[in-house]
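Following this message is one structure expressed as structure tokens.
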Amino acid sequence: MAQDSDLQDVSANDVNELFGAFRKELDARYDLHEKVVKISRDVTIESKRLIFLLHRIDFTAEKLENSLQQAKEKHLFILEKLKKVAVLLKDVDTFQFVRAFSAGLQEFIEATAFMFFIEKCNEVNCENICSIILSMHQVTDFLSFSDETDSSKTVRLEFPVEEYLLGIADVTGEMMRLCINSSASSLGQKDLSKSLSFKLTAYVQALHNAFSIFVHIVDVSQGLRKHFDEKLRTMTANVKKCEDVCYTLRLRGHEMPHDILKATLMEATEK
Amino acid sequence: MAQDSDLQDVSANDVNELFGAFRKELDARYDLHEKVVKISRDVTIESKRLIFLLHRIDFTAEKLENSLQQAKEKHLFILEKLKKVAVLLKDVDTFQFVRAFSAGLQEFIEATAFMFFIEKCNEVNCENICSIILSMHQVTDFLSFSDETDSSKTVRLEFPVEEYLLGIADVTGEMMRLCINSSASSLGQKDLSKSLSFKLTAYVQALHNAFSIFVHIVDVSQGLRKHFDEKLRTMTANVKKCEDVCYTLRLRGHEMPHDILKATLMEATEK
Amino acid sequence: MSEGELFSDIESCLGDEHRFKDKVRDVVQDLEQCYRALEVVFQGMHRKKNKTSICSEGRIVLDDAKNKYKQLIDLLSDKQYYRYLHLWQGVTGKLSYASCLIVYLESNQLATRETVAEMLGIKANAENGFHLCLDDYLCGLLFLAGELSRWSVNCVTIGDTKEPLRIFEFVGKIDSGFRLLNLKNDFLRKRYDGLKYDMKRIEQVVYDLSIRGINK
Amino acid sequence: MSEGELFSDIESCLGDEHRFKDKVRDVVQDLEQCYRALEVVFQGMHRKKNKTSICSEGRIVLDDAKNKYKQLIDLLSDKQYYRYLHLWQGVTGKLSYASCLIVYLESNQLATRETVAEMLGIKANAENGFHLCLDDYLCGLLFLAGELSRWSVNCVTIGDTKEPLRIFEFVGKIDSGFRLLNLKNDFLRKRYDGLKYDMKRIEQVVYDLSIRGINK
Amino acid sequence: MSEGELFSDIESCLGDEHRFKDKVRDVVQDLEQCYRALEVVFQGMHRKKNKTSICSEGRIVLDDAKNKYKQLIDLLSDKQYYRYLHLWQGVTGKLSYASCLIVYLESNQLATRETVAEMLGIKANAENGFHLCLDDYLCGLLFLAGELSRWSVNCVTIGDTKEPLRIFEFVGKIDSGFRLLNLKNDFLRKRYDGLKYDMKRIEQVVYDLSIRGINK
Amino acid sequence: MSEGELFSDIESCLGDEHRFKDKVRDVVQDLEQCYRALEVVFQGMHRKKNKTSICSEGRIVLDDAKNKYKQLIDLLSDKQYYRYLHLWQGVTGKLSYASCLIVYLESNQLATRETVAEMLGIKANAENGFHLCLDDYLCGLLFLAGELSRWSVNCVTIGDTKEPLRIFEFVGKIDSGFRLLNLKNDFLRKRYDGLKYDMKRIEQVVYDLSIRGINK
Amino acid sequence: MSEGELFSDIESCLGDEHRFKDKVRDVVQDLEQCYRALEVVFQGMHRKKNKTSICSEGRIVLDDAKNKYKQLIDLLSDKQYYRYLHLWQGVTGKLSYASCLIVYLESNQLATRETVAEMLGIKANAENGFHLCLDDYLCGLLFLAGELSRWSVNCVTIGDTKEPLRIFEFVGKIDSGFRLLNLKNDFLRKRYDGLKYDMKRIEQVVYDLSIRGINK
Amino acid sequence: MSEGELFSDIESCLGDEHRFKDKVRDVVQDLEQCYRALEVVFQGMHRKKNKTSICSEGRIVLDDAKNKYKQLIDLLSDKQYYRYLHLWQGVTGKLSYASCLIVYLESNQLATRETVAEMLGIKANAENGFHLCLDDYLCGLLFLAGELSRWSVNCVTIGDTKEPLRIFEFVGKIDSGFRLLNLKNDFLRKRYDGLKYDMKRIEQVVYDLSIRGINK
């Protein structure tokens, strides 16, 4: 084949140089992405563990204190990891890497909301339960870290609000599990509305109401939209499961509960 | 719990007896079904092997004879298996077990149609190619076996006509493969319309035309309908692939083919 | 032979079949209509309605269904039974359930396949032509268990605390019966998995009555 | 006409339709907004909120929706109703449910198609232009049954043990009604299967009250 | 009105619609039958058959289709056009393709929407009642391009090396035309992606002829 | 080695695998059969049947299963364990449940993985070849909890008011155990989600007994 | 804080975003329109049209696009770039391709990212705000290879046998360039897989010319 | 052993697996990197690059891959081979292709499974632990045929008219070999279906050379 001599201007070397630069840029981005993904996977796993830990909590006063301490430590440990993400992304637009840390962040928000509830559920009643729902604002505060090189500055991990909504939506699943698991312990209580099950239900109902408003907001991408719809469906199912627990508790109340019961249950458990 | 004494009439024993009979009936049916399925799986495998064998055929006169002999033996071997199915189902309504032998039967029809073509393609031209398309009638004949206990009687394996259509549809895939694989050997030929590739294409076109009429027949179940549509799509793709081969052959003809070519190709192969 | 002729035999054959199936479907639709009428009758069970009148009304509708089955039998020659079975299998399962329910309400008995077949005006065995196929009969029993489990709950609401015990006994027997069968992974198997839940629900009602010492 | 003109005509035609649909979608979005507001109002049911205030708040929002429907009617000439029906069908089903719920809370009555149509400011019949299509009305009834089944549970929790009995009666009627229908629409059929579960749940609540002698 | 009456009204309404749809479906099935006949006629193109006889045979079948459309128009009142459009949309797209192909074979011209509508005996514009909807016309053009791309290959095989050039020109115009359109319809968009491949294939044929100096 | 030999070696190798899988499937089917037999035996639990005889009958069937596992082990060389694991995983989970149930009935103890493995005649650890894989063992425990929860209800009906307390205690331990695990979102996790309902059901029985002062 | 207030901050935030996105989408639609106009211009390539006039017409449309990008830049504050990137990413890849094609037609050069960015009136680097993101630039190159592969075929038809060689050289360089990159499994990777086929097609054209000794 | 201990063992076991897989994935990623490097080396084939230097460069990269496989082998105990096979199956097929290509370039020979296995530093047979699974080897051969078919075209462009004949002969052997296999409908079968096109392309080149009397 004839080699056209007038084509020398874009020499192979030039192309190699050009693409060499692209490679550097792409590799740098992929590397950063990869680093963030790996930390995010850790955040997911540790957040799930925090949730499991919270499910194991014993609500009797002395033990509660102790377990909560453990939970808080784990929470700080996870925050340290998120700080790493924030520092890695300090000088770049975090929105470019949202997908890299989104899964971890959502699980973290779920775990935090769950911890919040358990920490403070004794201070509130069914009427003011909203006050202990983890807010977007609180999440933002958690994700503002002091800069180690310049302590007057803060490093923030920014993220789209959808992430918060998707994260907090999932907590209703954990609440529902706790609600069923703890229903036996709510049984002896004279004033059911002060029981853990009723508070959990109130919390889930409140979140469900607030969330169902959002799901109708239309301007999200088709994909996100589907995501939201699915979360709402699960949430609705969770609300109903919680309401069933409350219903059963109230119904059993009609059969004149005795304190004997609590004793029996305790006895059996301690054997 | 109070045992109602007036319920004795349907005693547990009666139920056991009743269901014992059902069990016998069900087990007998399942067993027969299982037996048919197992033979059918063998039929599928052996038919596929027959097809592979036919693909390996060398069209040079002496070798063809020999390979065809092998193919026919395998075909008889498969027929023996189908006879077993026919005998098993002799006294029952075969339609009850169609699903059990359908896969094997279809593969058998595909293989038979393919063998038919290879056996007789030298006797026909593109215009009368329809005469070597395996007909429903021929399939029925194959599946009429002489009864061993009473040779005056025949045992038939009956099946719905859809099975025939679904089976024969698949053969276009094999024809297309053969058409592409053998296109080199058609190259030297002076009269392309007598070449294997052109005959294969004519066959596939004819079958495609005939089949496309059926696909529009509406009164089949939704599932079968989908099945037919899918087969037609594949068939259309196969026709086009065959037509491409003929196109290329014709086009190359324009470049004044030499008999040298055939020699070259042969030479290379025999090295 | 030209391409056009290639499948022309088959085409005419499929055409006949097409027309035939349409006729069968029309009758099947009438059977569906019968079943809907029966469903309305059976709703009375859950509202104190008198068993006897439910049964007599039900039997009238079933006689109607019997006529439709007669039409089906006339349409079909014997050997095509399995070829078209799928067309009426769904509704036959439901009508089989209806028959079993009536028999239960009348006599607390488990209707045999023969009884049901007779109520629908068809044969009980494959050998004799158009028959009640075993799957449909069994399917009917599973539907029956589902409906009785619902009824056991509503009986308590209505104030009948004896019936649940009878249901418990009766469905228990059906349950044991089914455990004897080796079901394959098909429609029947899937429905059979539902029987566990029906049984659990009835067990719960009987438990609720026992622990309160009712019926003691 | 040259090919160029042919296709530029087509493009302008596609553009018009596109703009028209955008306008319809804007109004539909407002209707969705109304529904959302109604949902918030209805949540009160499950927590002791006064029925009367729920109904009056609900009716105010519905009046808003009525205005939006007026806009839709103005946008559309009659014949295009079915062309764009799919755009507002979803939300109309939901608003139909809302109307039925308000009527139930006010009077324990089943709202007719005419009543609902009037509440939304549209016609009740196909002959008269922009109307409440039958599927949407039926869909609304099925949503209603679902919501009432949830409410029956929460009523007990709140301490109202009479309402479940009324719900039991009311949804029972819807259930019997639907058993008469020969549904072909897949979406409705699927939702209708849900009705059986809703009914079962309500029956369970009434059972739980009965076995404990509550409401005796 | 009692609940019973309410639902039995609804049932009769559903029944009417059901019967109406059945009638429409029967006519649509006849149209499908016409299309099948046309397909058989067109197969001749790929095997040397005379264009003129293809066109005259095709037009005879189309006249048959015209009668069927007349039946449809009689069945439908204007306003229901869009309600049931989905029932005949599929087949109309295919018949529109058939009409365009005949026009091309006869005159190498692109059939306008008006021409096609006339060939099918329906209106060309939405304003005038039962019409050829734009999507169906465009769909027909895309089917046409697909068929011509296959034909260009077979022309060479048959020995006609001029036709591919004409096809190249013609489909090129359709291709440029579609590039002007801002398609939102998903089905059309997807088919339109296929147009690129059809064009490529035709270009390949013309290339193969050029590089061998054929037609020079 | 020539190309011909190369490929014919390969062919025989591909054929062998096919035949091997068929053999494994046959044995697995026998194991399924064993499990069905065990199910029938266990039904006795819910009807006053003597525990001892249930256990002895169960152990006889399990011995049968043991033989089948032996066949599997003989078929497989060690290293292929994971290659074909999916073929017997389902049935092993069920047989593991059966073993655990027998151990509970005999001794109120939680069967360890070692015990279960021994009962099935396989190893307990991955290092030693054909073993009871962890997922199957855990799955077995979850099935066990489900069955015991059903039993706790029926015990009351039968008149045994002591057993429910033992079950409460025992399933409580399983529940605490599972809370220690950080399960991923897989099959096991899904089954585990059912455990809380089993637990709740048992708690209800214990509650009902306590408030009536039974077992005091 | 009440439930209503719970997410009200977020709601208003999302509302703002909603309105903002609508504005962005409008501009993006205009950019799409520009691209369609460019496509029409480029079709000329495949029909002997003069390169110079294609380029000058193309540059006029691009200037239009430049104005639209200016509007986008004005709408966006810097940091939101990646948040909304997905909205204009599709069209930017296409316009980047258009720019590269013009540069190639004018000078046989590979347009650098800087050149393309300048042609669109945006920055070339992330540091400087609204920029041509690397993915879009690379995507543009892959589209370019696809179009040139098609052109190489049509060049022969038109009678230009030199251009295919230049294309072979040019796309060959793009191919080697891409092989240096470690692409992850995303959109780019998928498109890159198409490059292989484009390259093969061009290689075939060059082969056809070589074997016939054309251009020797 | 207490329940607490029972489950804590299990927990640590589940965690280990998670970490193990992560390690395997890291090594697999390195192998992918090796393959990309090989691809760059092989591009030289299509541009006159010297075979010897391609092979020597390729072997250096393969040695690197060998080290990575060593790491994999060290990570895995024998018996877990099939458990994690899916993790490295993809890349092994590609590296098997690379090995076969080098052997072909060096000696015009078909590399046996043993040779390939040795080049990758793994066993050739299932019996000996970590081995080259048959599917991967066959897959490699099919990739090889694809690349050689492309090369045969480019050889002519470069001016090497001898190589295509050698390729024709060589791929012909692979083709005959595969015809001996009765492949099931899986991944391999699908890839094998492409082989006939590769063969056809090579035949075309050989044909084009013969009719011009080149190589005579």
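Observations on the structure shown:
In this document, chain identifiers A, B, C, D, E, F, G and H correspond to the written order of the chains, with residue numbering beginning at 1 in each.
Definition applied: a contact is a pair of C-beta atoms (placed from the backbone, for glycine too) under 8 Å apart; a residue touches a chain by one contact, two chains touch by 3 or more.
Keep in mind the model is a prediction, meaning the values are calculated, not measured.
Fewest steps needed to get from chain F to chain H, stepping only to touching chains, is 1.
Steps from chain B to chain E, minimised over paths through touching chains, total 1. Summary of the copy comparison: rotating chain C onto chain H for the best CA superposition needs 175 degrees, to the nearest 5. Looking at A-F alongside B-C, one finds more C-beta pairs in contact between the chains of B-C.
Between chain C and chain D, two chains of identical sequence, the interface residue sets overlap only in part, with shared numbers making up under half of the total.
Which listed pair repeats F-H comes down to matching contact pairs by residue number; over half match for D-E among D-E, C-F or C-D.
Look at where the CA atoms of chain B average out and do the same for chain H: the two points lie 35 Å apart. Remark: chain C and chain G have CA centroids separated by 64 Å (rounded to whole angstrom).
The distance from the centre of chain D to the centre of chain F, each centre being the mean of the chain's C-alpha atoms, comes to 48 Å. Put simply, the C-alpha centre of chain B and that of chain D have 54 angstrom between them. Counting only residues that touch two or more partner chains, chain E has 40, 176, 180, 182. Residues of chain B found to touch two or more other chains are 1, 45, 209, 213, 218, 255. The touching residues of chain E, counted against chain B in their complex, run 29, 32-33, 35-36, 39-40, 43, 46-47, 150, 153-154, 156-157, 159, 205, 208-209, 212, 214. Contact residues of chain B toward chain C in the complex are 1-2, 4, 6-7, 9-10, 12, 14-16, 18-20, 22-23, 25-27, 30, 92-96, 130-131, 133, 135-137, 160-161, 164-165, 206-207, 209-211, 213-214, 217-219, 221. Within the complex, the chain A residues that touch chain D are 205, 209, 212-213, 216, 218, 240, 243-244, 246-247, 250-251, 254-255. Note for the complex: chain G touches chain A at residues 1-7, 9-11, 13-15, 17-18, 21-22, 79-83, 85-86, 107-110, 112, 126, 134, 138, 162, 165-166, 169-170, 173-174, 176-178, 180-184, 206, 210, 215-216. The part of chain C that touches chain F in the complex is made up of residues 172, 175-176, 179-180, 182, 200, 203-204, 206-207, 210-211.
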